[in-house]
Amino acid sequence: MAANLLEVNNLKTYFYTRGGVVKAVDDVSFIMKPGQTLGVVGESGSGKSVTALSVMRLIATPPGKIAGGEILFNGENILDKSRDELTELRGSKISMIFQDPMTSLNPVFTVGYQIAETVKRHRKDVSNEQAWRRAVEMLDLVRIPDAKRRAKNYPHEFSGGMRQRVMIAIALACNPQLLIADEPTTALDVTIQAQVLELMKGLSQEFGTAVMMITHDLGVVAGTCQYVNVMYAGHIVESAPVKQIFQTPAHPYTVGLLQSIPRVDDARGARLTPIAGQPPDMVNIPQGCPYAARCPKVQARCRQERPELQLVGRGDQSAACFYPN
Amino acid sequence: MAQFLIKRLIGLVFVLVGVTFITFIIGYAAPGDPIQEMLGNHFNLAQYMRLKHSYGLDLPWYQQYFNYVFRLLRGDLGYSFQTVNRPVFAILQDGLPTSLELGLWGLLVQLIIGVPLGILAALKSGTWIDTLSMGLAIFLFAVPSFILASLFQVAIVYLHLSFGVDWPVSGWGNTWQYSPTDIQTKIGPIIIYAAIGLAYFARLTRTSTLEILRQDYIRTARAKGLKERIVIYRHAMRNALIPIITVLGVSLGFLVSGAFFTENVFNISGIGYITIQSIYTRDYPVIQATAVLLATAVVLGNLASDLLYTVVDPRIKVS
Amino acid sequence: MVQQVQKTKAIGTTLVDVKGLKVHFPVKGGLLGRTVGQVKAVDGVDLFVRRGETLGLVGESGCGKSTTGRAILQLIKPTAGTVKLDGVELTTASSNDIRRKRAEMQMVFQDPYSSLDPRYTIGQIISEPLENFKRGNAKEIQEEVANLMETVGLNPFYVNRFAHEFSGGQRQRIGIARALALHPSFVVADEPVSALDVSIQAQVLNLLQDLQGKFGLTYLFVAHNLSVVKHISDRVAVMYLGRVVELAKSESLYETPLHPYTQALLSAIPVPDPEVELRRKRIILEGDVPSPVNPPSGCNFHPRCWKAQAICREVIPPLEEKQSNHYAACHFPG
Amino acid sequence: MDTHDHKPETNASGFIAPTSNAVEPEFELSTVPGHENAAPIPEEAAIADSAPIDPKPKKSRTPFQESLRRFRRDKRAMISLIVILCIVVIAILGPFIYHHIGGLYKQQLGTHIIGPDVYHTYDHQELDRAHEMPSPQYWLGTDGIGRDILARLMQGMLISIVLAVVVEIVDISLGITVGVLAGYYGGWIDQFLARLADLLFAFPGLLFIILVAGILGGWADDTLGAVPVIGAGGNARLLLISIVLAFTSWPLMARYVRGQTLQIKEQQYIEAARTSGTNDLTILTRHIVPNLFSIVMVASTLNIAGTIIGEAGISYLGLGVRPPGASIGLMISDASQSLSAYPWELLVPSLTLVIIVLSFSFIGDGLRDAFDPHSKD
């Protein structure tokens, strides 16, 4: 068994706002193996993006702060690294692409420049021409037609899907070991989403890059990921290989999520079973299981103690629930 | 982009027509008869008619206006009412170099101090540096330059009385010359003059820098592993400068308005001083000429900042 | 009451009939701000909605689906075409007549945040249409508001609260209550759940379905999410670049799509089932959607279509009934 | 205060050199919980679906009241507001009280015995009592021709306030009307506004005011001077100046209002109102104008500062209020004639002006922060 590429232990990322402390990520632990594709699923405010940004150490400080835990990347704790060591790591070993391709590229530089800049930053021995050639090569790789000419264009001259390809080119330009994709296709149309997902899948396999795919779309997870973490209110509530998540979900939240989404391959009219109520107020999460207020299987114990993530006895599947399915 | 420029140019022509018309109408509608005043006690009808005709004041108003505009287009600004036979052009020629010098230094000081001050405040936002520099900016923005000038002069007088410091209280020295005395004389007016624009630029730069630092592409730049210095000076500054360039035109308005007060407080015989003097003496041709001149300067400044804008922001070129 | 009148009419007859609907927005440009082009947002849409059914209108961003919904309600003046509501022509009606007609046609909006005026209480928001149409005195309106709130699953206790105190899903319920206040026969729901979290989406979708059963409503359900559309619609119309390319019963459209674009669209939707995902074959379309300012000639899908022939570049395929009750605008369907 | 004290270290290119002690913000705003996806969760927890836990109907705040509460928490703005209120009270009520304070006084040059209702007026001269420092008789001293500085100051403040009110009334009513129409309907009114704004930006407002005040000032003295109240005591030109100040400021207000109207127009609640059968006039008055309140309030407060400086400047140049009238600008101008010997006379009006202007700026900033926390400057 290969060593872990990423190991997150008891990560706590809090935001100190005027309204109170938002425990956006509270005691989250998980691992990623080299080359693995991990899906992180959850609704807005569940802490999935904050988890990713914590791994990149891109949390805005203030108001955010990584309040505890460790993030081991290749065995080294990222939280102990100096700012210089961090910048060495970012973009070369770990890269990230973001949700909104329209605003994620700097409008005043050509896309070629923005790719070449990353290459120059991390490969000291590379000349400007070599960096530029690499940029064109990357644009070609993400299937931007006429890459040589398009490299000289500015971001506003590209469509949303094309810009997301450019972002992927930037992210993969230095062959990172880990690519964090934060809702990379949420802003895109479904046909463009298919293009981009296909591209990411192909390239990550080609480069041997591990991918952390953050999304709220269970369909995207089913099609692209090997392993899935389900997050709710700052906690991982279930963690399992993709098949088990969808076939034998253990946590009531995962079950609820799967029952509440309409499927294109369903028969029409089958009534959805929504999850009752609202997600909890992140400033005052009640004690006990954060899902207790909405859970159909809630017991007295759930309102008292918070369940830990533990194996449910079906191989590599664990859930944070006292009464898993 | 050519279209953008042509569009701006058409706008400029419109503005200039508006400016000439306003200045003309104000002069035309002004009460009192300048020729009569000019003649004063030497009034005689024949001479009155002759002068009135030679100044073209006996024509209907629209003809006077067209004559005025056509003369303007030829660069002929007419003659002063105050000093008979003195071309307005010559009067302006006396004041212009001084005003230009003042304006140029003022703008330079505004940018060189204001912009870095704003960046600094933004980078240190929330710290005492931010509070202090923005406090200073608010103060400078709120205190009219004639008060600043007076305070400056009080301070000089006080320093002179208590410590025997010799520092010129007013004047400008020799235009475009920089002997130690000249420099000494010029420093005060320039700083007072630049104060309001400096404050404006500092606040604007701070706001726009903070805004840019919040953008997604700055996060991208950090995620690429760029050094913080590069993120700020290359990725953030290029973008933060765009709004600053767009308001350069507005700041020219400040410069022109400021000139009236600074030149009058310090007795600097530039365009602002000349304008106010002409207003006291009702020398309409001079007033009209300076108004048109200043408005043209602002309009050209706006055009220049538009041009610069297209250089800095690639998004302009296509739209 | 409007409701009763409506019930006397047979379910299944045509309520809304749209023919040749076009909405072109001028592109200003040049030196004098003249119109230099047209954004052909909607470029010849034909469709009809039957009484009591839900017609799903689906397509990618910029295809003109929302504009179509608004043009039907005369919130945007159509450039050409006819829109009949219950046999009454709307495009030529005066603005006063249209305002009167609004009691019968309502809209549920996409954005639960910007669709409620932040200065008004829930009660004021829901009662606005009632007051416009003078449906009773103050007390009656107050009672009606309480009724409506209960109908959409909100506690009438909160009638004096402001919208910002509610969550997205609850705000969407308020919007639905406002739309139902006048007992309309026809409701355009413009992406009513796309701004909501998945667990909340289901609550709102169920509510819409329940209300349809209760009041015999007719929906035009505009959305980009094909799974949601399939779930709620009896029939579905697929739009591409300002035109309806396929219109059919939901089952028939999803099982045997005839238009290549529909086929690609359906194959692109991720299914939350890894087994299915593994087996699926995707049709990945090349390139982006062309600009509606300068759409391609002929069938405007031809540059991205793998079946395109010479005729596709030249002749606009009409929306024809290719199978029973299954319309498609394609020269080579199937 | 010296600008150079805080001048940042600059390197050759004029940029700040990064210093070792620089606390670079580690990272800027990334994702804040609740803003992860499209829909932000409101600060307050959403109301629970279930029956109310608290049976007492809690009085809830409108967003407007929320903003007011934020404004009230802004200490700087609240202090400024109190200062302005004090100034208004002093300017309006001050003279009435001051006229009754101080006993009779026997003039040295004349033979009259005069009471405080005479020597505590802004235009009364006691030529042998020039350049005095504060005393029980003259609380803030006298100016170069023996006029009571406090009396003049109160009159000057009154002038500033009256002018600000007049200008703001014109500014707001014209600005809202034209701005809303231009924003809501577009068309020629929009074009007209755009051109006017262009002209205004190119033609410095002050230059225009100076031109009008300079050229038409004499006429105003002659005609308006005869009008009672307005024209008395050298204030004739004020009307002229306020008209011109209002004229140069409303297009800016209209532009703000237009921009805001365009933004509100895009909100779906406008479309929803139309769908509900609400007519245009009702949409304008019920849904658009009320939502303009905050921007108009912010813009007009900041404009007041400009108006007051403008009037002071014009009077300083001698083109505004004429002697014997009193205006802060005129007092500064008078005092600067003899500033080296009597700096006190300069300091009093200067400080007053600075306090008024700063207070309005702070109130404006506070309002903006409170009502529109997302856009600064």
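Each chain carries a letter (A, B, C and D) given by its place in the written order, and its residues are counted from 1.
Just so it is clear, a contact is a pair of C-beta atoms (placed from the backbone, for glycine too) under 8 Å apart; a residue touches a chain by one contact, two chains touch by 3 or more.
Since this is a predicted model, take the numbers as computed values, not measurements.
In summary, the chains found to touch both subunit B and subunit C are A, D.
Distance from per-chain Cα centroids to the pooled protein Cα centroid is smallest for D. Of all chain pairs in this entry, the one linked by the most C-beta contacts is B-D. Rounded to a whole number, the gap between the C-alpha centres of subunit C and subunit D is 49 angstrom. Mean C-alpha positions place subunit B and subunit D at a centre distance of 23 Å. Averaged Cα coordinates give subunit A a centre that lies 32 Å from the centre of subunit C. Rounded to whole angstrom, the centroid-to-centroid distance between subunit A and subunit D, based on C-alpha atoms, equals 50 Å. Within subunit D, the positions touching two or more other chains are listed as 25, 27-30, 37-39, 41, 46, 49. Along subunit A, residues 43-44, 58, 83, 216, 278-279 each make contact with two or more other chains. Contact of a single residue of subunit C with at least two other chains is seen at positions 167, 197. Interface residues of subunit C, counted against subunit A in their complex, comprise 60-61, 167, 169, 197-203, 205-206, 209, 224, 226-228, 230-233, 250-251, 254, 264-277, 282, 284-285, 288-289.
Contacts from subunit B toward subunit D in the complex involve residues 11-12, 14-15, 18-19, 22-23, 26-27, 29-32, 112-113, 115-117, 119-120, 123-125, 127, 129, 132-133, 136, 138-144, 146-147, 150-151, 153-154, 157-158, 191, 195, 198, 203-204, 206-207, 210, 213-214, 218-219, 222, 228-229, 232-233, 237, 249-250, 253, 256-257, 260-261, 264-265, 275-276, 279-280, 282, 284, 287, 291, 294-295, 298-299, 302.
Residues 1, 3, 6-8, 10, 14-16, 18, 22-25, 27-30, 195, 198-199, 201-208, 210-212, 214-216, 218-219, 222, 305, 309, 312-313, 316-319, 329, 332-333, 335-336, 339-340, 343, 346, 350, 353-354, 357-358, 361-362, 365, 376-377 of subunit D are the ones that touch subunit B when the two sit in their complex. On the subunit A side of its complex with subunit B, the touching residues are 56, 58, 83-84, 86-92, 95-96, 98, 100, 103-109, 117-118, 121-122, 154, 156-157, 167, 170.
Those residues of subunit C that touch subunit D in the complex are listed here as 70, 73, 75, 99-100, 102-103, 106-107, 109-119, 128-129, 132-133, 153, 155, 157-158, 160-162, 164-168, 170, 175, 178-179, 181-182, 195-197.
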